[in-house]
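Chain lettering (A, B, C and D) follows the sequence in which the chains are written, and residue indices restart at 1 in each chain.
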């Protein structure tokens, strides 16, 4: 209600009450005003009623909601089901237009404004999370993999000879989407295998080299070598390379790439660097190096999941980086797109405010400490080895050498327990946990005889990103666990309680 | 968003789009402005997004939604469940305050404004429905019966000697709530029995006296006689009478009271008249006479159901009539009250607009014609008699003389069909219909041996409002059907299809 | 989805996933089963998706939602607006039927089941909160005041000579609804004035008699005396008394009634006791004595607000006590009623679980400690006196002797500060706080010259429940504050921050 | 509630009511059962409460909603905002998994089932709409353009020599997305210009050749010629061609492609045919030929918009056609994806049922008749020529030769009316209509001097798909209007009323 309406309302409701309400309305209006003027996340969470009201105010700016609207086109934002209309707050035109995903949609000024404000808040959120040098950001209503495919295609078209550019240098990560996005873009991956991660364990001060197992990471030199190989073998030289596609957030025993070192390699070779930062915003270890790489100017774009970083439903991704690359990605997207993931993110950022966003990360770091302690104690009590690395402050791996599936878990049918090969047992642990409402933990087999073909490429030790055993030794099965953003202390307790039930302490025999 | 925010938005979204949106925002604002200024239903339905936005704007005026609100009282509108908060659009303080149900609730300017606007729109709706002389109206968040109890109590307290006022003259209607509300108010009913309704049938031109059955109505003279009886027998004289409680909308074979004639009796005796107009707004036969009674000044208050007239969920009632009585009722209500039925009505009236409200009644009148034709054909084909009366243009009654429950309906177990007493059969028809998803039709037995005690009073032919048989003849069971507001043509077809299946045409034997 | 559907789904989705889902579905079903079987609050909160699903399952049991339903009555649960239908989860028939509020509504088996389960859970909640001897409870969809009026009327009708029963013995409490409900029931209050509360202060060990001010409470002897007065003066003797209406939860400086002692008086005189337990469930001081009174059999009914105890929107009340009285109240309610407050409570109790309900009270007790410390420090620093009493563990009163409205608060217009009489100033503090988004705190004037007439009765020191000054001394204005259930620590901080800003520490002069 | 719970409920609610409710629950269960068993749209609309209940039942099958769930992965479906969770019915895991968009998402059995059922219903809807030969269909949570890009990439990878396949033969259509999707896929368009559409007018029997203007369509021979050109010039021969990308639904003056004839050309040349059937499901003219082409086996895939055909918010597209191609598209999509557009479609199809879906098309055809009459009368009265063609039964074009912007429309500032060049005027009409809440109608200039460069290609007469003037004559500006699915009769009236106001009948001069 505007001032005139509130003035009129004084004829119906006691003026001093209307005055107080008017003050609150003005205060809400000033929050809205600040958002549009400053284009940043609000410092503090918005009250939820204001968020909902603002969504409806934006909807009122879309032509399909105009009183007395007449449509004579083929798409007028008509929606059959009012259930559907309501869950989208009556914004039905999507975002963007055929020319550009970030272009204003002429029939939907409100949705367009929402998309602009969302992108502005997302940029602020990235900077707040430590990526201070980010120039631009856009939210795509597609999940990370599809967004990466679009980014690769956009980067390809920016290369000196787009028709010749076809290779993507790709440090291995055993997650299908990360590889498939290259094929989706119609390009070819050049796999760079990982090497033992040669750093000391942060937790016990002992060198990890004392263990027979190590985590795995990519060596920047190996990336440089892969570039050189293509540059010398392909007629187009380095122009045959679209980019390096590096990955930060990843499951143990892989360590996030050292994006700063790789950026240096890329800059030296004039090869663009695209970073798959899937769920990296929650990790200082990741953002610190990525920000330095940004400062250096060595990152074309980095992409992150909406759901894994901002706790929205699956379906959106944030592409950020150089202004020109972000613009090219937006312009490459053909046609309008779903507003749903954008609206989800928009609501979430207003409901978090900067304080909530920061707290989310602080809480995770605190919980991660507990997570490590619990995991270490769990492993030690069972004679297992914990693989962790300061570079991966999200997930850990743990050996499963001694686990024998408790007979009770398998029912009376399986008698000959001792005879079962450990490998089978280990996999069964994952299924067992799933049946007991634990999702997330994965059992992976890093042994050389466990290989898998993905997108036509054969990978040894698939799931473990390679083999964690030194010197060709026998690699044990691993249990991989993550302490991701949004996890609660109660959930962590539940997780370990179920793990302990599934892998009980056995009496000495 | 206010003008300043929209101005700012031009920096983010193309100005000509913002201009068009601004125009729409202004147009919406002018609808809101008109509502507050004119205090009438909108001529046309509001767009739904505007309704929802307005609800949230009102919510923002309540203190519990103020950003930075601190509460140091015992009731601060705190709500545990956000599911609950949302379904009430974050308006949690209810309406009214201890002094008066229509008083502004100091912690909730928005809810208070909503309640005021709602009462204003309801008054407009009553007038639009034909009750042009209504002075005031208030929506109570209690269903009709409880509202009537409150009205009776308020009217009692307005009598010359409240302590002596204890009788309510009550033309019989066989609906429990109508009687129970008198007891709830702590008063005593004086029953006026009905008499044969002496008008001609509107449908066939033949005098209904040619039939052996008639519908039933109250004779104003009998009301006058009841008043006289109390006035002469009670020490307090006419002051012992709180009011006459007359009923309009009712199930056949009862005919709505002639409120105009009764109002004349009341005026002549200085006895207040309260009208239970439960679902009478949809009927011109009812509203015409009631409006004339209002014009005469002979009606203290009339009460109608929210759900049965306005198609909202059960829970609200509209008390209307003389300004002073409406005010007394509001002032008698102790404390704050649920806003839910008020919000339901508010949404509904905005979503209808005057055009929708009028159409609702027009559609019902049209469908009622079809209803009568279908019922007449149904009855004739089965040798049954139809009881209808121009004064009751909502429901009809039909004899069930020949119905024998089809053996198939009762299953193989009941063999000796012919032997079953008809009375039992008739009741079974209702249960049968219920099992076949037909609700509403009632089988009633008007015979003298069917009596029931309600609130300590014994009624003969309960359900039929008395006996429809002339000269003490044997009254057949009746099937009662209504064509109420909101019924659709498809529903009517379904109803008769099911009736036909339940009461099939039998082969001549 | 039932077992057969899930079995079929295995043809579409991987069987082991369906199996896990089936397990979850079964687990949910067992929660539902337990609720219906045990008729108690769930031990732990239900997941929200389950709550919403259960509401829709219940709705599916109401006839208006039957596929292929045909309605031929005057009320078929038709709803005009789908917005309205949705917010009620498509349950539109309300609860109860004309015979009884707790009777099953034949057209709405789901709503009826919901109402039954809700009443069962509410009874469990009362017992869990310490009222272990409660026999029965019913949720009325009316706020406390109107519910009390209904209870009074029901109790009156249970008296030996209902027509003669007209007085309600009423220990004074300065809250309008508490008095008005008597008038609404058509009865007459007999006021029992309060006396200084003769207990020691729990906080400093010093006798409160050392102060010149005391809190106020009713003396059971004064209640007995009032009963005797009526019994001897009215022709009907003690039968002229409907009941004693005692109040527990109340604002300082009033102390909650000693319901145990009053119950003894009532039992001794064969007078029913009705307790207005408005927001008493959160207080152990209150529930302990009330439970003892229940054990004694001396309480006919006690009534509490839905919103103030269960954190639902205003509009419902819980009537509990003797089975026969609760049944009589339910039977007295004429007609069906709004389901909205019942649904709100139902959702809330499922979302709380017993653990959440208990935690709510524990949290309040913890916060109340902080509240007292903050208030004591605030008062001491300003030379004010704190009035508190172990019997009132919700609210406190504080003198406002030294407060002078800071000139800045009043603007430039008011020059002659020092000249303003303190009394005026004190009232201004309340308005000032309201303008600064603090609601709840009240400034009351207990001086003898501050009197007010409510329901025709003149009260001295209205708002303060009498005068807190001993020996007719000059009573200072008081600031009254409450620490109610649902308050958060952050809100408490905000409250005192605003109070400190409004009543700053002045430099010594 | 399952049978056991309902059995228990008989202890709380009257058994005969529970029985009726049980019957309704069983009836609902049988609708669910049929859906899963038959995998087709329901014949009749589902009741909305059932739809909502089913969505929550599906949600309960997703792990994030399991009671007692513990997550130890990096993505556990956690959602920050309950507002967001609710609008997605608590389904947060999206659909698909890294391997395939149609693969089951292990953490979300319910969402997976929903996606499967949705695809099955969509296939049924396509067949019901006349595309009886469709083998398979998948809903992509991306709008049409992006979906087309993915289809092109998938088709390319199925070609004999994917690395060599780079051309897309593209009959011109002046809609950016249609062209841009080729670039997004990293491919190169070969434009086939349109020719005068040489058919007779269906409306007046007169040969359209008598007019100086014609509509435009692609000649299958020109497509064949383009194929031949590439096949002979590129080293890879016909393998250099990815596919022909033909367009059906389009704005006048373009005529939908004769997909049957083009399919024959493609089959003859072993070139895949992809059809952009953007909003073609509503047109019998389009579906008849496309179905014949499908029968012939000449269509690899056809793609349609979710919003334009099914009246959902923008964001989804349906890819259909050959089973192998649909599977390849699904497998190419990297990673999980937003479920939002799928859920929208799912709700809509259940709410429509087959009867609603069919009615939607029937209503549009009826309205289209009115549309043509209104347009013809409008044009004739103003001396304008109507361009329409039986092949385009959605939109028409109309000349704007005589329109002069009325001075009142332009404000007082523009005096010298007669001097303005007509071209400028025509464009202003569109802006004028937009300001008057008419969206959709477009003013296009087909003259040779109106050219535009899109994706690096220069198009003459952009917007008009070429020039409608025969023999190089002067082409007038055109007003293009559509009568799309979902338009209402009232909206059509409003549209022409506004058109008439914007282009008033001038007095003879």
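Definition applied: a residue touches a chain if its C-beta (ideal position, glycine included) is under 8 Å from a C-beta of that chain, and two chains touch if they have at least 3 such contacts.
Here the structure is a predicted model, which is why all the values come from computation and not from measurement.
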Checklist outcome for this item: Larger contact count among A-C and A-D belongs to A-D
Item to check | Chain whose Cα centroid lies at the greatest distance from that of subunit C | outcome: D
Checklist entry - Between subunit A and subunit C, what is the separation of their C-alpha centroids in Å? => result 48
Item to check | Gap in Å, rounded to a whole number, between the CA centres of subunit B and subunit A | outcome: 57
Checklist entry - If you average the CA atoms of subunit A and of subunit D, how many Å lie between those two points? => result 32
Item to check | Junction residues of subunit D, two or more chains touched | outcome: 20, 24, 48, 52, 63, 66, 68, 82-83, 106, 434, 437
Checklist entry - Once bound in the complex, which stretches of subunit C touch subunit B? => result 48, 51-52, 63, 66, 68-81, 83-85, 87-88, 91-95, 98-99, 106-107, 141-146, 148-150, 153, 156-157, 163, 175-177, 180-181, 183-186, 249, 251, 278-279, 305, 307-308, 310-316, 332-341, 344, 347-348, 351-352, 356, 360, 394-395, 434, 437-442, 481-487, 491, 494-495, 498
Next on the checklist: Considering only the defined contacts, which subunit C positions touch subunit A in the complex?
Outcome noted: 16, 19-20, 23-24, 82-83, 86, 431, 434-435, 437
Checklist outcome for this item: subunit C residues touching subunit D in their complex are 1-2, 4-5, 8-9, 11-14, 17-18, 20-21, 24-25, 27-29, 31-33, 36-37, 39, 46-50, 52-54, 56-63, 65-68, 82, 85, 89-90, 104, 106, 109-110, 112-113, 116-117
